[in-house]
Amino acid sequence: MSNGMLNRILSGDYPRSRALSALLVLIGVSLALGPFLFPGVRAFSMLGMICVFIIVVASYDLMLGYTHIVSFAHTMFFGIGAYGVAIATDAFGSGFGAVFIGIGGAVVMSILLSLLLGLLSLRVKAIFFALVTLAVAFAFLSLVTQLYNITGGEDGLAVRSPRELGPAFRPFDSKVPGFSVIDFIAGVFTQGSIGQAFNDAVFEVRVSGRHLMYYITFVVSLGVFLFLLRMVNSPFGRVLQAIRENEFRAQALGYRTVFYRTAAVIVSAVLATLAGVLFALINRYVNPENTLNFELMVFILLMCVIGGMGTLYGAVVGTTVFLLAQNYLQDLLGLLVSNAEPGSLFAELAGPDRWLLWFGLLFVLSVYFFPAGIVGQLRLWAERRRERKAAPAASPLKQES
Amino acid sequence: MAESILSLSGVRADIDQYHILHGVDLEVPAGELTVLLGRNGAGKSTTLRTIMGLTTVTDGKVRFRGEDITGQPTPRIARKGIAFVPENMGIFSLLTVRENMVLAAVNGPMDPARLDWVFDLFPPLKKFWNRAAGNLSGGQKQMLAIARAIIEPRELLLVDEPTKGLAPAIINDLAGAFEQLKQQQVTVLLVEQNFNFSRRLGQSAAVMNDGGVVWSGQMTELADNDDLQHELLGLGLGEHQ
Amino acid sequence: MSAHDEMIGQTTPPQGVLARFAAFRENKPHIFLLLLMMAVALLMMDPRTWVLLTISGLAMGAMVFLMASGMTLTFGLMNVLNLAHGAFISLGAFAGASVLLWLSSQASEPSLLINLAAILPALGFALVVAGLLGLVFERLVIKPVYGDHLKQILVTVGGSIIIMELIHVVWGPNEIPVPRPEALTGAFLLPDALPVIGGVALEKYRLIAVVLGLAIYGLMTWIIERTRVGILIRAGVESREMVEVQGYRIRLLFLGVFVAGSALAGLGGAMWAMYREIITAHMGDELMISVIVVIILGGLGSIKGCFYGAVLVGLINLYVGYLEPRLAAVATVGLMVGVLMWRPQGLIPVIKV
C-alpha cells in the first residue's frame, strides 16, 4: 500500500507511536481473521462484541473526547437501535425488510431524541447537560421496562434475524480450516515440538450465517471508525475541538457553536443506534440489561477514558482491553483465589465477582495519573523517545496534548 | 517618611501564561495613605491581589510588619489584619447588609461603638441594615465594602479603585470617609485612576507601569510637578477630571 | 452605573387579578407548581385517595430531600458535582439495616421506647458511617480534581463503582430484607367524624418520615439563615474568593458541608431502607435519578429549592404512580424537562451566571 493511500484512509491521523501501531495491527488482524484464529463460542461472541462496542465507544468519544460533552444517554441510543430491530422483526417477521424498517424507525427516533437533548442543552449550562441526559436515559429505561407488551419488559425480546444471518444458513458444504493461535503458543511451551503443536492448533470451522453477520459487523465497524477519523480531522472536527478548548472563543470567531454541538450529539446518537442494530442482530437477544442499563453506560465511559479520550484509536484499544478484562479478568481472579480460604477477606476482595472493584480503582487512578489514557500515554512515551533522539541535534518538538 | 508596614521586593506574578508583574518593589509607610497610580494594565490590581495571596507569587518577597507572608494562604494573610476591597467591591449580594458586616467581623460580635462610628461615616448602611446588599446602589455598595474592611481595627487596608463609576457627590462622601480614616492613622494602600481624588487623600504615592513600580515618593512631589505627572501618567489622567 | 440614595428593585404591587396571578407565578414558582399539581391531582381522583397519596408523596419527598440536600450544597458551594452521592445513600441504608438486624429483638418489641433503642442507633450509625466515608472520599477522590467538571464526573463515577463493590464485599451481593420496627408499622385511622376523609388509614412510618423530614428541613433552614456558619455557606455559594479574603478557610467549610451532606445522604438511605424494607447495593443509583431531578428542579445550591423540588418529585411519583404506574419515572423526568424549559435555572436559583 502506498504511503499516500494510507494517509488518505487514516485522514492523516497516524497512531504516532510504534507500540500503538503494533497494538492496533494486532487488534485489527485478530478481528479480521478472528473466527479462524480463536475457536469456541465464547471467543466468537467476544469478537462480535468488540466490533460493536468499538462503534459505540468511538461515537461516544466524538462527544466526550472531542467536544467535552458529557452525556449519559448514549446507551439510550444504543438501545433504540437494538430494540428497533427486535421489535420490527417481532412484528413483521424475520426478513431483511423488517430489519430495514427497524433501522429506519430507530434512526428517526434517535435523531428526534438527540435533537430534543440538543435543544435542552441550549437552555441549561453544560454541567446540567450530563445530569439531564442521565435523567432522560433513566426515564427511557423505565419506559422500556414497563411497556412489556411491546418490549418484553425485563425479559426482553429474542431477535428474529434473517435466516441468512443465522446459524442455520450454510454457505459452504465443506468445513474451513482454522488455526488456533493460543493453542499453538501453549502447545509450543508444553509439547516442545513445534510440529506437534502446529497440528494440535488446527481446527475446523463450519462457516454459517453467523460468520456472515460477524463480517458485516466487522466491516461496518471498520467503516464507522474510518468515517469518524475523517470527521474529526475535517474542518468540522477542528471546530469541535475549538469548542472543547474554549467555547467562548470559538463563538467569538464566528462559529455557531450550538449548531456544531448539536450536530456532534446527533451524529454520535445515530452511530450508537447503528451499533445497537448490529448488537441485536449478532446477539439475537435484547433486554434492558444488555442494552440500556446504567452500568453499561458506565462501562462505555470507562472504555472511552481508559483507551484515551479524544483519540479514536483509544476507542479501539479501550474497548478491547475492557471487554477482555470483563471476560477474562474474572477467570484470572478465580485462579488467584482458588487456593485462598473461601470466605476470607482476601477471597472476598479478589474473588472473580470483584473484578469491577479493581477495574474501578484502576480507572480512578488512571484519571489522576494517566488522564490521556493508554493511547495518550503511548504517544507521550513515543514523543519523549523522539525528543531524546532529536535532542542533541535540534530543539525538542512541541508536544501534542 | 514613617517606617513601612508592608514591603514588596522583586515580586513577580503570572496570570495563566502571561507575566503580569515583573519585579515590583514597593514600600507602604505605616499610618499613612499611599496611593498606587498608573495606567490601565500597569499591574496595580494584580499587585493588591498578590499581596492578599490571590495571585501566586513566582519570585520575590512580600513582607508584612517584617514577616515574610509570600505564598501564604489568603485567609491567613487576612487574619494578620489586612483587609481587601476589590475593584468589583466583592460584597455578597444575596446576604443582607447586616450579614455582610457580621462576616466581616472575623473575631466575634461587632463592637457597638465601632458600628455607630461606621454608621456615622456611611448613614445609608443603617437605613438598609436588613436589606439584601444586592439591592444597594453602586455608591452604597462601595460604602458597605469599605465598612466591612474597617468594622474591626485593621493594620492595613487595600482598596482597589473605590471611585470607579461613582457620581461626583458620592465620591466626595467617600473622600470624607477616607479623611477620617487618615486622622485615625489607619494605613491604606489605595489604587486609583482618579488623580484629583488621589491628590486630595494621598500622603505618599507610587506609580506603576508595565508590571513594575517606576516612581515613588511624597504625593506633594507628584502633585506639584506637572512635568513629572506628564511623564509618569500621560496627559490624560491629570487633565481628566 | 449611577448612584441612587434609594433601594433598587422596589416595585409597586401589580394591579388586577390576572396580573397578580402572573406575579405570583413568577415570584413563587415553587408554591405555584405545588398547588397546581395538587389541584390537578385532586380533580383526577377521589379525595380519600388524594389525601393518602399526598401524605405518601410528602413522605417520599422528605426522604429524597435528605438525600439531595448534601449534593445541592456541595455543588452550590464548591462547584463540585459528586456522582458518587448515590453510593453514600446505599451505604447508609446498609449501615442502618445492619444495626437494625443486630438489634432485631429491640426492634420487634411493640413498645415505641424499646424500638427507639434500635432505631436511633441505626440512624446514628448510618449518619456516622456515611459521614466518615464522606471525609475520606473528599480527601482522596475529590480534592485533586477541584475546578475540573469532566474529571469530577469521571472520578466520582469511578468512586461510586468502588463503594458499591465494597458494599458487595462487606454485605454480600444479595438484597437484604430490613425489618421495620414494630412501633412504626401499621397505620393511624383518621377520625370517622371528619368530612370526606374520615376513616382514611395513614401509614405511621410515612407520617414519621414527614415529621422527621420537616424537622431536618427546619433545622437546616435555621442553620443556613441564622447562624454564622450558615451565612458563610451562603456567602461561599456566591463567591469563594471573597470568603477567603474575609479570613475564613473555605476549604474547611466545604469539607464540613461535604461530610454533613454525605451523612444526610446516609440518613436518607437508612430511612429509605426501613420504608422499602428491602435494600440492594444499587438502590442508590435508582434514587440518584430522583436526587438529580430534585436538585435541578430546585436550582443547584438552594436548600429551599431542594425541599420544594423533593416534595414535587414525591407527589408526582405517587399521583402518577396511582393513575398509571408505568409512567411514574417518565412523569418525574418530564417534570424536570418542563421546568427547565420554563425556568432554566430551576425554581429557586441561587447560583450566579
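Residue numbering begins at 1 within each chain, and the chains themselves are lettered A, B and C in the order written.
Following the convention adopted for this analysis, contacts are C-beta pairs under 8 Å (C-beta built on N, C-alpha and C of every residue); 3 or more make two chains touch, one makes a residue touch a chain.
Because the structure is predicted, anything quoted here is derived from the model rather than measured.
In this assembly, the chain whose C-alpha centre lies farthest from chain B is A.
Here C is the chain whose Cα centre lies closest to the centre of all protein Cα atoms. Centre-to-centre spacing of chain A and chain C amounts to 36 Å, using the average Cα coordinate of each chain.
Per-chain Cα centroids separate chain B from chain C by 43 Å. Each chain gets a centre from the mean of its Cα atoms; for chain A and chain B, those two points are 57 Å apart.
Shown for chain A are the residues that touch two or more other chains, of which there are none. Not a single residue position of chain B touches two or more of the other chains. Those residues of chain A that touch chain C in the complex are listed here as 68, 70, 120, 123-128, 130-132, 134-136, 138-139, 142-143, 146-147, 294, 298, 301-302, 305, 348-349, 353-354, 356-357, 359-361, 363-364, 367-368, 371.
Residues of chain B touching chain C in their complex: 52, 54, 73-75, 78-79, 84, 86, 90-95, 99, 102-104, 106, 124, 128, 131, 134-140, 148, 165-167, 169-170. Within the complex formed with chain A, the chain C residues making contact are 81, 141, 144-145, 149-151, 153-155, 157-159, 161-162, 165-166, 168-169, 173, 285, 288-289, 292-293, 295-296, 325-330, 332-334, 336-337, 340-341, 344, 353. Residues of chain C touching chain B in their complex: 1-10, 228, 231-232, 234-235, 237-239, 241-250, 350.
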